[in-house]
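Here is the structure we will look at.
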Amino acid sequence: MSLIEVENLKVHFPVRGGVFQTVQDHVRAVDGVSFSIEQGQTYGLVGESGSGKTTTGRAIIGLNDITSGKVLFEGRDLATVSKKEYIDVRKDIQMIFQDPFSSLNPKKRVADIVAEPLRNYEKLSAKEERMRVQELMELVGLSPEAIYKYPHEFSGGQRQRIGIARAIALNPKLIIADEPVSALDVSVQAQVLNFMREIQKELNLTYLFISHDLGIIRHMCDHIGIMYKGRYVENGTAEEIFTNPQHIYTKRLIAAIPDSNPRNRDMHYENRKLVKAEYDRLEKDFFDEEGLPYSLKSISATHQVALAERG
Amino acid sequence: ACNGDDKAKDGDDKGAEDGDKKKDGMYSIEDFSNVKTNEGEAIDGGTITFGLVSDTVFEGTLNWNFYSGAPDAEILNWFDEGLLTWDENYVYTNDGAATYEISEDERTFTFKIGDNVNWHDGEPVTAEDWQFAHEVIGNKDYDGPRYNSDFTNIEGMEEYNSGKADTISGIEVVDEKTLKITYIESTPSLLTGSIWSYPLAKHIFGDMAVADISSSPEVRQNPIGFGPFKVDSIVPGESVTLTKNEDYWRGAPKLDGVTIKVISSSTVVQELETGGVDLISDFPVDQFPDNAEMSNVEYLGTIDRAYTYIGFKLGTWDAEKNVVAPNPDAKMGDVELRQAMWHAVDNTAVGERFYNGLRWNATTLIPPSHPEFHDDKNEGRAYDPEAAMKLLDDAGYVDTDDDGFREDPEGKPLEINFISMTGGDTAEPLAQYYVQSWEKVGLKVNLEMLEFNTFYDRVGNGGEDDPEVDVYQAAWGVGIDVDPSGLYGAEALYNFARWENEDNERLLKEGRSPEAFDLTYRQDVYKEWQQLMVDEVPVFPTLYRALLSPVNNRVLNYAIGDGTGIYLSDLAVSEEKAITAE
Amino acid sequence: MWKLIVRRTLITIPQIIVLSLLVFILAQAMPGDALTGLIDPSIDPATIEAMRERLGLNNPWYVQYIDWIKGVLQGDFGQSFRFKMPVSELIGGRMINTLWLSLATLILTYLIAIPLGIISGRFNDTWLDRAITGYTYIGFAAPLFIFALVMLFIFGFQLGWFPTSGSVAPGTEPGTFAYFISKVNHLLLPALSMALITTVSTVQYLRSEIIDTKQKDFIVTARAKGASESRVYNRHVLRNSLLPIAAFFGYEITGLIGGTIFIENIFGYPGMGELFLSSISLRDYSVMTALVLLFGLAAIIGALLSDIILSLVDPRIRIK
Amino acid sequence: MRLDKDVGTQIPDLDLGKSPSGFSILLRELIRDKVAFVSLLFLFLIVAGVFGTSIILDQAEIIKVDLFALYEAPSEMYWLGTDYGGRDIFGQLIIGTRNSLAIGIIVTLLTGIIGILVGLISGYYGGTVDNVFMRFVDFFMVLPTLMIVIAFVTAVPGYSIVSFSLIMTAFLWMGIARLIRSKALQEKELDYVKASKTLGTSDFKIMFFQVLPNLSSIIIVTMTLNLAANIGIESGLSFLGFGFPESTPSLGTLISYARNPQTLELRWWIWLPASILILVLMLSINNVGQALKRATDARQRRG
Amino acid sequence: MNEVLLEIKNLKTSFRIKDNYYAAVDDVSLNVKKNEVLAIVGESGSGKSAFAFSIMGLHTRAQIEGQINYKGNNLVTANPAQMKKLRGSEMGMIFQDALSALNPLMVVGAQIDEAIFLHNPKSSKSLRKKQVINLLNQVGIPRPEKTYHQYPHELSGGMRQRIVIAMAISNQPELLIADEPTTALDVTIQSQILDLIKELKETIHAGIILITHDLGVVAEMADRVAVMYAGQIVEIADIYTLMENPKHPYTRSLLNSIPTLSEVKSDLHVIQGVVPSLQKLPRTGCRFASRIPWIDDSSHEASPELHEISTGHFVRCTCYKDFYFPEKVEEEHNYVAN
């Protein structure tokens, strides 16, 4: 059984307007998304800005209300579980935020930040708590003495590690990482990515990894879902997506990634042109009248593509 | 004490010098004349500016029959007047616009309006106008404050007022210029201000609904009268300009016109110094010492028909029966306590210190502004703390627990609640001074300063007396009629002391009786009454007041006070422009 | 855009009702009433009581309120108890005075604020800026009433340059040039006194707004395009900095209301603020209530105006 | 040359905007800003002086009327002369300043507390709660506050420091509520709030223990500036005669004596010291407030 | 075609912080030729923008030393009027954040129009409008007439960036400086913008300075690359040399720390620490030394120079010779770093 299964998830935000600020319309931020993640795997969510990646992640962890659909965590539907159970489940899902600067309260010491989840869920004595925090700090590769410092005394990469320490404090099973490195300098990115992979192995974590950088997704993920306007266009293993993209949108996305080999640039440029031409030509076939992708069709056991009914 | 009459005679030599004489900063009303010393020759025409000192604007109800605010009355004075005039003792004379005759039974008055008395629009002032004024005031829709016992004393007025009669039986128009009014009760008060002598122009207001008159443009924007000046224009709340009434019955005024402008008490001095105004009605006495030597004006002075007093709450008001309900157990019920409290305060010092002598120790409840009736032999109760303490000791008010304050005869702590009104700089320290004085004789008094409305609410203006109030300080302006029953009678709501006394009732009654047409009889009655009040002390007067009225040196033929024989139509100026201060 | 106006206007209605209710209850709660001031031995207390009855002052407050609000809905604010004239008429004259005073103050405020703000913002940290900032500091700290008193003292009394009370010289004929001049002469000192104080917040605001805008990327862009410094300021910095000032305009009105009470009181200027204070002490409820309501309305309209102005000048809001 | 290896100390000045304790930064900035520092010292002296002396001073003695010492010019006996009641101006000034300050402080604190509560709840929860609160605040905002307060003061019988403060508070808390709300709205969008939510921290705890500390500097700044404003409002009301009774002197009451032109012109000692004192007080408080404001705004920070 | 357009010699740009000046750009020398793309890469804070601003003369409060020779004129000593003339006409600049680079209160058409007008004040309005529409077409805006009258906030990120580009090229500049023109954009849009710049280069033959921190972009676009670290150029070479044969430890680390599509490495190389802040920059010795602590001190030069190790390939400091990637650097050094 998958650790988490998302079925036809929809998150709509009301748009208010008119004389009385009534609900006029909805932003379909997430509009029918389904995927599942196996224990210990990393699942990548890619898509351009505004495609609903963050909203999906937040809906799972409960930061956004789910309009409809199911989120099954270890078989339990998060929308219907009892409050008590929910608190339990919540411990198992944690989040790493994009911005290491704003995700740590600047007025709190690292010790307090990392201990926050412990204080909420586990009754520990002050000493036990400190021990645990130091342990966690060590785990994320920071000096245990650093717990009395404030976040601003750390570099971006180190802060991201503090965020991770906080996220893993309760031994969660699933970690949702929303663009965990996009705010970091190139040289620091690697630090965090390496580290995330390390603790994944160590703690048998499952990641929902959200990013728009396909290079990083490729590096990190086993499975990938490509989002477009709140829907899926393609879902499959990293291999399948990168070597055998089926949807023109996926193709175009991949073609748009700059090639790091300068010698390929002309070829790459031509390829991009070709893909663009194909995209323009086939747009009608891959998107419905509203310009939204169709629902997913399986083309192999692991690989689904959004195609029109006719195929 | 003295009266305005004396001053009129010997004012000449004093008025100009008072500044120099009073180096010690102490003044006295005797130093002031109420008639302006004329300097220079009158020029033809000219206009003057009259400053209406008021911190609230004039309301603009410019008709004697409807006005309620004092500022309005000051404006009215310039363009309208009563048909009857009175002498310095406030007794009606026969040299006004109308003359009067009294019938044998002293109940019917026959008035004759002068032939040359015409409204500003040229229409004659008629007996019908006079009758009309009574009809309007007596009408049930009348919205002014004039309807009172003076009117109900007219035969048939109450029937008319209640709608039972269509006319007032006691008022008869004999001919165009002759009116006859019959009163129910004959009283000397009739001769001192109790006759309503202000006609209402029927040709203008006759067709209006009574309720609409007071807000009509004929009252507010183009008011009419038959006085020496005519209203030319009005800036509501700010100023009025008047031009002379060529047709004035005493003869055309000498001045071409008058401008009345409202000035606040804070700008009075400045306006006077710069000649912005030529004369004002009431100069704030607290500003006098600093400006006594203003070179371009002469200060006229007269005794104000008013006194300040301290009252003791001795009961409550019975709103059902409309009489006072004395409370024999009132905290202030002990007459010796009240006497002691009078003795404890040094009003001479207060007058000298706070008012530089322009207010002075009051002795009786009839102020010297009524020289015929004020008993200047009666000393009241002089400042004498020793006497006060003795009185208190004797009455059993002694300090039993050594806290410095006296307890009541039962030995219970005595805390007297004293309220006074805010307003003016000195109000608070003055009240505070009284508290201190009482403390000196061992009385514990708590002071609360209240704003006007709250003050009267608590004193019992609405008929509900605040039981928390024991002593209060207030002031009365008194009418030209000396009769004090409206303030101290058992049926008077304004008897805030809620005091009732048989002798008092008797004396008040005697003062209004037909016998009192005899002056000495009436003087004796009021002398006795003044003494009664000094003995009983339901209230005690604290200060009498001077009314100061600076007048620019260029102004000629001006006087304040009554019975001077100088009229506004005589007013003239010696220079085109007001003289400014050096 | 119109939706905004409609919505704001609709919201205004309950605001007005609550405001009127509040004021009315307050008025009723005040000790004394319009006739308390008539205490005078020559006036029969029974007469006063009868007048009170006739004026409905003895009715329960809600009856009085309903009577009153009925009238207001028909545009009738009732009669002034003290002035015995329709409240609307009474206020009418005062309103014009206050309107002129406010207008003059506003004009002066901006006449002072805009150049000072611009100089101070553009040349920040120069001695000129320091002088202006110093002025704003003092202006910020000086209570209006102290400043007004001092102004009155110096220019009204000592130097005698300006009249010290009233709104127009007595006897000047309305409509004439002399009348106009006299009006202007009377409101100059009060308006200037108020403007000198109220302007400082605008100066400060404009200054920091300019300093802010100066550092914006699009200013660098303008320079990169080759625009001269003066063009950068006139076309880009100023326009963008004045926007919040324009939006502030409506709120200035709210600020003026408080100011006029002091100013009119100190300068004896017969306007609504002055009338308000006297109607309070005279317990002239109908006038007082109407005045508060009008001032409230002015504030509401001011806020509305600000929103509208902002949405007119700022395309980012206009679109919505 | 080798760099200091302690990364922790390498970074700090990368982002001074957020700091461990807003307060210490504010203080540091204050001390650095000479004008503000002098103002602060001054303020401290005034406050300490006023509260200190007012303990020693015999208030009853000060408001005691002395008929034989009216309008005394300043002398050794009466440092700042006396008023028309023969009362010592210096004493009144001290007590008046104390009263004005007390009112200012009480009102500032009360409005602060209400404003913070309302603003925080409104901004943090947003949505309907916010809507309701903000309609309410909007309503209060457009009230002609001064007039309503005057009406209130007139209607409320026998007011004291407490009731007067309450009345003022009732109409002055909206500004700070609005400010706090808008800041809370911004703050709650920051990831640390979201993080706390996902960690199971209760809304109450997040609001008061996570968000509130981050608003501390802005609160301090606003409260400081409000303090000046509130003292101004109090003295303004007293000036108009709707503040304290005379027996409770305040700066405004002392200044209002100047409305008597004689006092204004001839007896400067009654109103001038109070005017100067209030000016200096406001100037100092404002200076401190402005300096604090600069300190919180990283861009404007000096040095 | 290969004439030198811009020659920068020993450029030093310093900012005043408290009472001292600190150089954000420290002794930078390089050339830009016509028709070539010179990429400048480096971490945040390495001085790239400060460098670009210095060339354009856009610093308001900075001290600039050295020479910036543009077509033989030294821009450092040029007077404001001369600079004003050059800016926007011969030298165009594209900014990173297109939204904030556009005046929110002006329609975009007017903003481009202004760029033209400033250098051709006599041209007629209608003519300019035509030019603007042309430019909008040129940068690939679908309905230029409509877009002309739109405000920046009404446009998408990609569109805005195009407007900024249109503005920069409106007067056919000979030198175009693009400061991270695509950082804020999605990959698909980024590729469009990059292609656009590429096409522009072909049409206007300008010399382009492309500032970026994305090595992918560099690989796609650059002819030559300068790598900046802490205000200095640490390596400069043509694109192929640099990508295939990087020498400086910083360049090498950088290249190794980026995940690529082609080869999935299990571990990325990690560079320790961050670029120190301006005040804390080491002013002597090898500025990168602290971030490669496993390299012996003796490998570094006392005052590192740029060494030309092959034609057109310059590397700073001798430490590159001894550089190697340590095994598992992280474990060893994280603790040291705290």
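Should a chain be cited, it is by its letter among A, B, C, D and E, assigned in written order, with residues numbered from 1 in that chain.
What we mean here is this: a contact is a pair of C-beta atoms (placed from the backbone, for glycine too) under 8 Å apart; a residue touches a chain by one contact, two chains touch by 3 or more.
Chain by chain, the UniProt names read as follows: A = ABC transporter ATP-binding protein; C, D = Peptide ABC transporter permease; E = Dipeptide/oligopeptide/nickel ABC transporter ATP-binding protein.
Everything quoted here is computed from the prediction, not taken from an experiment.
Chemist: So if I look at the partners of chain A and the partners of chain C, which chains show up in both lists?
Modeler: Common neighbours, chain A/chain C: D, E.
Chemist: Count the smallest number of chain-to-chain hops linking chain B with chain D, moving only between touching chains.
Modeler: Steps on the shortest route: 1.
Chemist: What's the distance between the Cα centroids of chain B and chain C, rounded to whole Å?
Modeler: Each chain reduced to its C-alpha mean, chain B and chain C end up 40 Å apart.
Chemist: What is the distance in Å between the mean C-alpha positions of chain C and chain E?
Modeler: Chain C and chain E have C-alpha centres separated by 54 Å.
Chemist: When the C-alpha atoms of chain A and chain D are each averaged to a single point, how far apart are the two points in Å?
Modeler: Using C-alpha averages as centres, the distance is 47 Å.
Chemist: Rounded to a whole Å, what is the gap between the Cα centroids of chain A and chain E?
Modeler: Taking the average C-alpha coordinate of chain A and of chain E, the gap between them is 31 Å.
Chemist: Indicate the residues of chain E shared as contacts by at least two other chains.
Modeler: 273-274, 338
Chemist: Residue numbers in chain D touching 2 or more other chains?
Modeler: Correct list: 7-8, 10-11, 14, 154, 157, 259, 261.
Chemist: Among the residues of chain C, which are close enough to touch at least two other chains?
Modeler: 30-31, 157
Chemist: Give every residue of chain C touching chain E within the complex, in rising order.
Modeler: Its residues touching chain E are 216-218, 220-229, 231, 235-236, 239-240, 243, 313-316, 319.
Chemist: Mind pulling up the chain E residues that touch chain C in the complex?
Modeler: Per the touch definition, chain E meets chain C at residues 53, 56, 58, 80, 84-89, 92-93, 95, 97, 100-105, 114-115, 118-119, 151, 153-154, 164, 167-168.
Chemist: Where on chain A is chain E touching in the complex?
Modeler: 48-49, 141-143, 145-146, 155-157, 185-191, 193-195, 197, 212-216, 218-220, 242, 252-263, 265, 268-269, 272
Chemist: Which stretch or stretches of chain A touch chain D in the complex?
Modeler: Per the touch definition, chain A meets chain D at residues 58, 61-63, 87, 90-91, 93-95, 97-99, 101-109, 116-117, 120-121, 146, 149-155, 158, 163, 166.
Chemist: Within the complex, which stretch of chain B touches chain C?
Modeler: 49, 56-57, 59-61, 66, 68-69, 143, 145-149, 214-215, 220, 232-233, 235-241, 259-264, 266-267, 270-271, 274, 451-454, 456-458, 461, 476-479, 486-487, 492-494
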